[in-house]
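Here the chain labels run A, B, C, D and E in written order, and each chain numbers its own residues starting at 1.
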Amino acid sequence: MTSSRKNRLELVGVKKTFEDTFAVSDVSLVLGENEFVSIIGPSGCGKSTLFNMISGLILEDEGEIRIDGAPVKERKGLVSYMYQKDLLLSWLKIIDNVALPLRVKGVSKKAARDEVAGLFETFGLEGFEHKYPHQLSGGMRQRAAMMRTYVYSKDIMLLDEPFGGLDALTKAKMQDWLLGVNSALEASILFITHDIEEAIYLSDRIYLMSDRPSTIKEEIVVDLPRPRNRDMMVSETFTQLKKKLLHSF
Amino acid sequence: MMKKSANTGKWPAAVFLAALTALWELSVKAGWVDAFTLPAPTSVLKALITELPGLRSHIWITLQEAGVGFLAAIGFSIALALLMDFVPLVKKGLYPILVLSQTVPIIVLAPLFGMWFGFGMTPKIVIVMLVCFFPIIVSLLDGLEAADPDELHLIEGMGAGQFQQFRWVKFPGALVNLFSGIRIAATYSIMGAVIGEWLGGTGGLGVYMLRVRHSFALDKMFAAILIVVVLSIAVFKAIDLLQKILMPWSADREN
Amino acid sequence: GCQQTAPEEAGDGAQGPSAEPEKVTVVLDWVPNTNHTGLYVAQDLGFYEEAGLDVEIIQPAEGGSASLIAAGQGEFGISYQEEITYARTAAEPLPVKAIAAIIQHNTSGFASPVEKGIVTPKDFEGKKYGGWGSPAEVAVLSGLMAKEGADFTKLEMVDLGALDFFAATQNHVDFTWIYYGWDGIAAEVNEVPINFILLQDFEENLDFYTPVIIAKEDTLSARPELVEKFLAATSKGYEYAMENPEEAVKSLLKAAPEVDEKIAVASQIYLADQYQADASQWGIMDLQIWSNYAGWMFENGLIESELDAEGAFTNDFLPKK
Amino acid sequence: MMKKSANTGKWPAAVFLAALTALWELSVKAGWVDAFTLPAPTSVLKALITELPGLRSHIWITLQEAGVGFLAAIGFSIALALLMDFVPLVKKGLYPILVLSQTVPIIVLAPLFGMWFGFGMTPKIVIVMLVCFFPIIVSLLDGLEAADPDELHLIEGMGAGQFQQFRWVKFPGALVNLFSGIRIAATYSIMGAVIGEWLGGTGGLGVYMLRVRHSFALDKMFAAILIVVVLSIAVFKAIDLLQKILMPWSADREN
Amino acid sequence: MTSSRKNRLELVGVKKTFEDTFAVSDVSLVLGENEFVSIIGPSGCGKSTLFNMISGLILEDEGEIRIDGAPVKERKGLVSYMYQKDLLLSWLKIIDNVALPLRVKGVSKKAARDEVAGLFETFGLEGFEHKYPHQLSGGMRQRAAMMRTYVYSKDIMLLDEPFGGLDALTKAKMQDWLLGVNSALEASILFITHDIEEAIYLSDRIYLMSDRPSTIKEEIVVDLPRPRNRDMMVSETFTQLKKKLLHSF
């Protein structure tokens, strides 16, 4: 743990088994206030499972999950969570999918639509507000899901491979947008990705997970100053970190 | 997509029906079947035309009973499904009773209905409801249960309570099933009213049918059946239309 | 005219056991009851078998057997005069005829619990009648009341559907139309005192035959021996029932054990005197009764054409006495 | 997941039913309703016990009719749905006729059925089929139509013909709907047989009911209704079990 | 076009509009015999739409699609196609999903299972044969879909972001497996990816698509010898190509 940040989220010795699949074996990690932390690990090691447990969708078998220092049993709705699948509801237009968190809060259809309409340009989805999900490309759906997560943003955010289906340019745009959001909202973000450069560019720290049954294999602190910019990606520190991560894998 | 070949309009049904009707007419006219066991379509049509003025009031009564009962059944089913979905205990307690309510032949209950609801429109409406609500609620509950757990988690994660989950995920996802149920029920609605009238009444198509049957006027009886069929199919078609309007995303899907 | 001689001797074994018994289906008018006892006796005591008949008795849907018999689903049916009148005057007439009257006089009428004080049609004024909404009921009630100088418009009529007499008069109506031979007897058995108004006591045209045995015209012309054999054996059954009601009812109960025994026995004793009543022979019918009732129906607009009363029934196949 | 709270077993239904029955018994015993309009549960039970030996053969007849008709309806519906799904022309031609067949009240047709089919088992089986096949085929067709176009494309891309598409994608996807339909139909099967028996016959629960009603033996009548209810619920339960066995992936989903 | 390979697949002036979305405007491309060609382009530009047209699922509005030189109208079943979505059938176990193409061909359940069972190790899915799709992680589902595509391999293969959800190590393994398959099967592969390094490492040529309404903006020939190996990724040619591609974007 760097510095003297307050811990927003803590996992202590968390374990999870599905029937005969021993998925997560003893994971402990922390996410500090206004911190950006990435998780990297092999496919199927249990990253999404960790998120499901943090958000309260499934119960840990053992261990403890603490929010703001205290173990919270009923965690649903305390964090905002962007799933690995886009999970857009097929019966709602994109704009209504994005506005859904507001509608759930009780905002009227019109007000909710008005509130989210401005986001579509930022996400490169202008003109697709009134399409249904099946009329969008994979990457567009992913961005729509990201928008929806942002609309529901709590100050702890869990993002599961949010930019996995995007091209380099769109991805870069989204990353920079996210960095801006992070400092503006003062959110604490836990981020799953398979893209090592992305992890370094965005994070304060990176957890490296082992294969199933998974543990935290290594914790890497990213010593790049904030605010970040793309020029840092050719800096010595960046290249070193990248090598280290590739090696540790 | 690309599968527009099926779009051949309504003529196959029409042709098929016309062929059937022609065969029927022929069988009666050729004397293969006796006119007192099956009247010829032309006699039925003739009876329909001469009787229609007198039938108007009967039709109106039946339509009212069927309409009120059917709408009540839809409302009741949705409300009950909501309740059953919210409170698993209610579902467990009530589901067997619902099934039970359908296994008792209505005609057996007829005398009891008379005792409980009197002899006006009420017992007929109750019978229509009883016949109609079951397919609706069974289909709807099955649809609600088949909701995608991930989608439910998503919205739960947004702080949605039970009602919000129902409103945003379960119910829209179960609309296909709901409409299956409603379509089945629609088909039964007019018939339910007729059965109700059959069990005692002063007007309506059921009463009319009983009377003409009593005097062996099979042509008039079939004319009344024809009206029941036409009315029922009209309701059925209206449901189809409603589904297209209420489920734009799936209509859209065809492109 | 009926001069066939051969079938006359057929009854006592002339046919021999070698001949296959002839299959015969009898369609009742409704559930088995004491009106049908003669049939069940003939079946149970072997009268049919002796006549070379293998009889199956079918319980049909409510509403009679005329159309079933016309359609050839069975050789003989149980019906009633009104149904045959309608059937033969329909636009597409049904080719069925009555061949025997099971009960000589109409035993139906209006019943009410005694405390309602309904003893003549005059008392119908201001009361509530429960029926099944047929035009015939209107005609009968208005006719009877008119004769007694009562105001028919002061009678309220409601439709009971399938509600029985006891349930109906308990909460809903003042009087209903019943068969004395069953519902009336049931009231006696259950010790519910009732007033009963027999129709023909106030309107002689309403003394009609109910129930009757019917057959299709084809059967009568093509298989007269069969009809005669059947009626001969059936007569024997009813005659036995008249003489030994308490024994006869056992045959009914054996075939239909679901029937209430107490009511059945009492009803059987009552009917023993009704089957033949004042007639010369069981089953015989009178042209007068057929034409009276049909005439009354026509006058009241219940049928659209006049009935040829002579064609509607025949006594020709009854055993010669 | 986590939602095990609903797993409270069968007692809610039992408790609810027991409460209802107790109330019913009380109402009769306290004289709020007359015993000849509604017999007390205890009398019904007594009647059931004494009548059961005599009822056996009636039950057996009814079960045979209902069973044969119901199975035939399932087979017929699946075969017809397959045909209608394959040949859109058949669907267009036949669907309206199927709807039509349901809108005609069976009781109205009763005398005609008697005239056409006589009094054997055939007309009863035909009626059970007629009552049962409709919910099955409507639900199944709706399910088949709701198939995911992407999944269909996937398997088409593997060179799957119409039958293979049906076998691998449409039919498994429509199983929830098929079972909704079968569940509704199962409920109607015994009732259908009873109604069929009313139309004429020599045995079966329907014949029995009419006879005891004529003898004002309401307790026996209710005993017979009780048997109909129990039989129907048994069929209903069997369907539930079958669904669990045939759809392991969705049972699994609950974990 | 390099060399004198025969053209297996040709697109000439293909266009596609969805309602009000002008997706593909005039795309022409070729895929030679035993060639590996990648398509790179912004999210939502119409890459998947191209694949849908090639495989015959949707019809082009204009232009022509030729297989082996001749325009083919009924193209269903002629190519093997791995969709961007995994599209595993929820009612089949993973092994049966993978064996599906064999079952469709008429192979018995047992024989089909036997035939595919050996693949599970290669794809890192051993032990998950008898799970249902919802019991797998996102990356595992993607691999299962890849297996299924391989089981149906025709000699023209369309792969739409097949390794998008995989971590670096697993992805590398899958890439090398694919290179091996490609030379063994003598297949012609059209490959959509957002990963520029992946495109270079695997391809003979790369098409760069423009944003919607899309055209082919550039065609880049990859002058790396075959067989490829990971050392080539630090070669001068590779670095140059990467720069060029990043620049052209």
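Things to note:
Note that in this section a contact is a pair of C-beta atoms (placed from the backbone, for glycine too) under 8 Å apart; a residue touches a chain by one contact, two chains touch by 3 or more.
Because the structure is a prediction, the values reported are computed rather than measured.
Within the contact network of the assembly, the step distance from subunit B to subunit C comes to 1. Between the chain pairs A-B and C-D, more C-beta pairs are in contact across C-D.
Subunit A and subunit B have centres, each the mean of its CA atoms, that are 50 Å apart. The centroid of the Cα atoms in subunit C and the matching centroid in subunit E are 85 Å apart. For the pair subunit C and subunit D, the distance between C-alpha centroids works out to 38 Å. One inter-chain figure worth recording: subunit B and subunit D are separated by 17 Å, centre to centre, where each centre is the mean of the chain's CA atoms.
Annotation for subunit E: residues touching 2 or more other chains are 18, 57, 85, 135. Residue positions 63, 67, 70-71, 164, 167, 171 of subunit C each touch two or more of the other chains. Multi-chain contact residues of subunit B, defined as those touching 2 or more other chains: 1, 37, 107, 111, 115, 198, 213, 253. Residues 1, 5-6, 8-10, 12-13, 15-17, 37-38, 88-97, 99-100, 102-105, 107-108, 111-112, 115, 134-135, 138-139, 142-143, 146, 149, 176-177, 179-181, 183-184, 187-188, 190-191, 194-195, 198, 206, 209, 213, 221, 225, 228-229, 231-233, 236, 250, 253 of subunit B are the ones that touch subunit D when the two sit in their complex.
By the touch criterion stated above, subunit A contacts subunit E in their complex at residues 18, 21, 40-44, 46-49, 84-85, 124, 127, 135-140, 143, 161, 164-171, 194, 196, 246, 249. Across the interface of their complex, subunit D is touched by residues 25, 27, 30-33, 56-63, 67-68, 70-71, 73-74, 164, 166-167, 170-171, 182, 186, 190, 256-260, 263-264 of subunit C.
Listing the residues of subunit D that touch subunit C in their complex gives 34, 36-37, 54, 110-111, 114-116, 118-119, 198-202, 207-208, 210-217, 220. Interface of subunit B with subunit A (complex): residues 150-151, 153-160, 164, 168-169, 172-173, 175, 247, 249, 252-253.
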